[in-house]
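Structures for review follow.
Here come two complexes built around subunit A, the first alongside subunit B, the second alongside subunit C.
Let's turn to the complex of A and B:
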């Protein structure tokens, strides 16, 4: 099976129908993994368990945890993290990077268009219902020019590798994509546990994300501001992504504020400091659209700042990402991405889209209902892996229920062929050995005025349950450090 | 710096400092009582009462019999008791959490480890055999935290705010400890009549509770008495635990926040200088004359400074 006397892989089982990131079809280790494979091979399993525990302790001590609420006490748990990194060669990465930038730029132009002239609708490329039926299409954003002309400053693109060895985009996240702090933490934890591996490591750094983010945010400063004052706004320390918010603020060296720290006077935004009010020019917001301003959106929001949107409309403050970007990362818009890229950039998409069936089209709805066991059905406006049904995993009763739901609200659902996510050797605590687990990749793309950046690395999310395809952390997923190599010769 | 975050940092400093003083007071008192010179002060009940007095929850009924394990649990590890060590550590971390972007990774990690140490300490072990181990660990970890604060933070406003919190708390706790031991001396004397050996013993315990006994011996070169102990712990500017030293620190740090040459009458800086000047030019005899009154006035002064800070800097 495996042509090595590598101890920790001795019991590794390979399913030939899946694409394994480390081993090729012949069972040989792929070139980019060769060196690392050898290095890891020097460890025994008990050795590895020790290292694994060390890495866990590193997360625990850094306080990168989430709360589990039990009956009697709340416990802190770390996000599961795997010590065996995922490696991507330079050529493959180049493809991903170009594709991610292309999508970000196209989405930005799309957003500008649909909040201004709506040419893409008038030209019949995408249907009007796509927008009018979306709760995230905000009338407040009509004819508003965001500073620098940028809507989606920060995009998270979820990419998978299919059984055919090709990358496909699963979805674009351009509201408040999270996860970038885990990229950095995973690297830190891996270095602490296995510093020897990094002595000769030729992987790109991931710690330059924050400085690039700050540059992007400063590039979209309001007019007339010389040195902009940038802040990050968080819903507060009990938010599940609070660690990430505080990490980003700290890494950029800017203030982390809550809604109650800000106020608006004469359409300018100020924060309350120990020396009185201080003007704020750019806000990286990690608060959802509907909560940013109780005067304009949800009146019961205590997280936002009254009057913030009016200041934004006046151009006195920049919000990143812009409100109303949610309309474009909708799973229904996703299906039009090839057309959208073609329309605005006159290019063909670099990264493939998964073929999608729209349940609101009668003939496609019929196909979906007939082939439901071969398809993944997703609601168009949910995130975090909620509401997804995977056809070949459902019982008869469940299939009938899903069909009913789709028939009731066809606009709400799309269906895609079941993609076979690639698998990666992952250390499993229960069996104390490496096993194949499905992985995806979230990349992080930044778009500013005349500047763009893709973080060389990303969050490889692992579905820890055997055979499971849903990798979201809210559904019990873990993650891996992801190395993008500087050259083809392998990492070391 | 945000006013809200400044408030969090200030309280983080206070809670770290407070947990240390409670921990040290508990174990120093408990173990020194084992070789106390007179029967009364040797009694376990006497020591337990002294602990309750120190945390501001004195036992009013003289006939009440305190349960040792329950009391140790309440002071050390009961999360429902606001003055317990675990509560203080929890709040220190909570406050650090909401200022997490401003403090260093190293400091945060140290606070986090501190918190997990307390949280995971075996309660049964603590009340039966672990008092010394637990308390010594607390005091050592707070020393690490102090080192991280000094060594991994920029000495700017953030640092000044944390140090203000720590020093205000230290001055308060030292005064409380003095008050508690003074009270113990009175109680011991009440039983056995004036007895210098007994008094001296309580003063040694007091100095050890403030980690100042060795410094004091070096300074006076003889056994402590009421006057020298009070002088050392209150008025000696070179003793890092003395009240005047804390006030000097507070003055230094308030000047980072308020750089005006002549602070306004209603400012914190003005009040700090006023309180410090009053103490700086005091004779120990004046304190000795009426200790209770002195202690009440000083505690009141410290509360006033804290309130002034709240109004001037943490108003959000």
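Let's turn to the complex of A and C:
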């Protein structure tokens, strides 16, 4: 049995109220981490620091960076990276993978329905106001059949592990989810720095994402096209995810284009090349809905292609993801995911939703008012964290005020239990040691015509500030490589 | 007896700098539907660029031009021949029982079906203090209420060209009580939707031969969903139902979905546009 007499973890402080990914409640190393723990134990902190710094330098040298938009200037930063990987065992992963596919399929059926017959609304399962109040419910998509019947080709599902050791979904991102290029780069950097260690562990590859993405995109080619020409469209080099756009195009072996590189003639899309116009059949677009076509959406957009939507409407080109998918990754739609899964698939949700109380339902309103100190109260129509009250951090007077507010407009509020993200040992520069930091996991799911794929791995994001629960890279979050162990192998 | 119309649409654009690349989209072709038949389309432009037929986001046919020669002035002329059926707009039997009509209007089925035409859009948003400006009388049918609203809008506003522009809000229209067909129609749409009636903004041509209000431009009116009947055209600018003088081009939630000419110009500087529309009628010779 391995315990913490390992010098690299000598000063590791464990908060017993949090779920630690590496150590169980008795302080012993979990099975999946055993071998890695042993291998790391042969080294000192200074060895580790040296390797970690090398890995960071390699990111910078390769230009794997992102932009942080500041008030006065835009800074180019590397995504802080930690060499200690997160490991997920085969059984646990199987559960995540099945759950992610189930959600993607249910969301796709939901999108088809709300843009066609609208049965789920007419049956009173999902309230109409939820959709009509969303700017992403595009009238232009009504009764339009996207190629292959797919809307959310690419989904990013944000998952956390709560103090009870169970996985919960926090959010489904089906507009232009980013982050997958960091998954691949993290793996490359880790393998370069810790080649020997990685070779002892049988983790699934993540470099097959691009080939699967290309297959998915080719599966939704327009009718009558034999070998489709796929491109990636980017808003340009000033976009915060430009590195990812260029990585994906390169890894798929397709062209990376901007709006000005394409044009539409007689409702077909063409790319300008030195050999003349070349027809484009499938576009992986990393440009937001309202910017893709100035003739149909925002007229001031210089990022799009005039006439693109007409070509899409006529079925001459496929856009991935489909325009108008954003209506389903709304905070309010999220709360209906268990009902949506049940309605279309007649299955119970595999991955849990964070339980949501709707204050417009009288019994739930009563529960919320009685248990307000254990709940997070959120307005349904705000985003970016505005108007959120966390029950256990409020004063008596604030609690009374929040209660009054809810009673006045119960429709406007939802409440959720306060979730605690699991923690993972993470090397912290300031203290030169490993400390517990909160982590989440973004998984990447692809949906095509008769094909689905979940990347075995994902982006484990780490909140680098102590006690902080916000893992977003723009808020100073970092990341870890995520290993999904192969079935027939022992612990790592 | 069917009526033959000839519609001529003209537009002229002037650009301050030489334009090398542009894309224009015209939403001006009369729709082919139960009450009108599009006989012919003729489109000319001073650049001699071939015209392409396409569709807008809601599926209406558009004309597109992609000039490939530099220019600073351009003229367009489209001529349409349309055969319009002589229709009596009152030729239907509305529901006898008003409460049955409102039950349909309030059903989830109908609200989900016509959701876009119940939306409050930037053009049809009533000011906060005017939400109660016109409330339907539940004792009379939906159709009778819409007729009364049509007349109310006609009497509330004075037809005046040149006061309002394409960005004028309903707040300004209600305060100044002046406007053109777009403003009459947006006010009608805003008030009818406020009373839960699905309404479409319609863009088209009006034969002004009978002294109707219009201004030699494209005309606008509204189509409201009447339970048990379907979409009925109301022209609040003239206090009439849309009939054989109305030639429909397209509909949408508001003017934003129906603007007749959209252009993407890849050049700096300002431009000036002028449009004119002429509709002439003759009895069909059969």
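The working rule: the second predicted complex is superposed on the first by the 414 of 492 C-alpha atoms of A that agree within 3 Å, B and C clash if a C-alpha of one lies under 4 Å from a C-alpha of the other, contacts with A are read in each partner's own complex, and residues count from 1 in each chain.
We take it that a residue touches a chain if its C-beta (ideal position, glycine included) is under 8 Å from a C-beta of that chain, and two chains touch if they have at least 3 such contacts.
Computed from a predicted model, the values in this text were never measured in an experiment.
**Q** Mind working out whether A:299 is in touch with subunit B, subunit C, both or neither, as first, second, both or neither?
**A** A:299 sits against subunit C, while subunit B stays out of touch.
**Q** Touch test for A:273: subunit B only (first), subunit C only (second), both, or neither?
**A** Once the two structures are laid over each other on A, A:273 reaches subunit B alone.
**Q** Name the contact category of A:369: first (subunit B only), second (subunit C only), both, or neither.
**A** neither
**Q** One more residue to check, A:63. First (subunit B), second (subunit C), both or neither?
**A** After superposing on A, A:63 lies in contact with subunit B but is clear of subunit C.
**Q** Which holds for A:345: it touches subunit B only (first), subunit C only (second), both, or neither?
**A** Neither partner.
**Q** In the superposed arrangement, does A:139 touch subunit B (first), subunit C (second), both or neither?
**A** second
**Q** Output check: A:246 vs subunit B and subunit C. Expected answer is one of first, second, both, neither. What do you get?
**A** The answer is first: A:246 touches subunit B but not subunit C.
**Q** Could you pull out which subunit B residues touch subunit A in their complex?
**A** Residues 1-6, 94, 97-98, 100-102, 105, 108-109, 112-113, 116, 157, 161, 257, 313-316.
**Q** Hey, which residues of subunit A end up touching subunit B in the complex?
**A** By the definition above, subunit A touches subunit B via 60-63, 232, 236-237, 242-243, 245-247, 249-250, 255-258, 260-261, 271-274.
**Q** Which bits of subunit A are touching subunit C when the two form their complex?
**A** Those residues of subunit A that touch subunit C are 118, 121-122, 124, 128, 131-132, 137, 139-140, 142, 263, 265-267, 294-296, 299, 306-307, 309-310, 313-314.
**Q** Residue numbers of subunit C touching subunit A in their complex, please.
**A** Spelled out, the residues of subunit C in touch with subunit A are 23, 25, 52, 54-59, 62, 64, 66, 108-109, 111-113, 115-116, 118-119, 253, 257, 262, 264.
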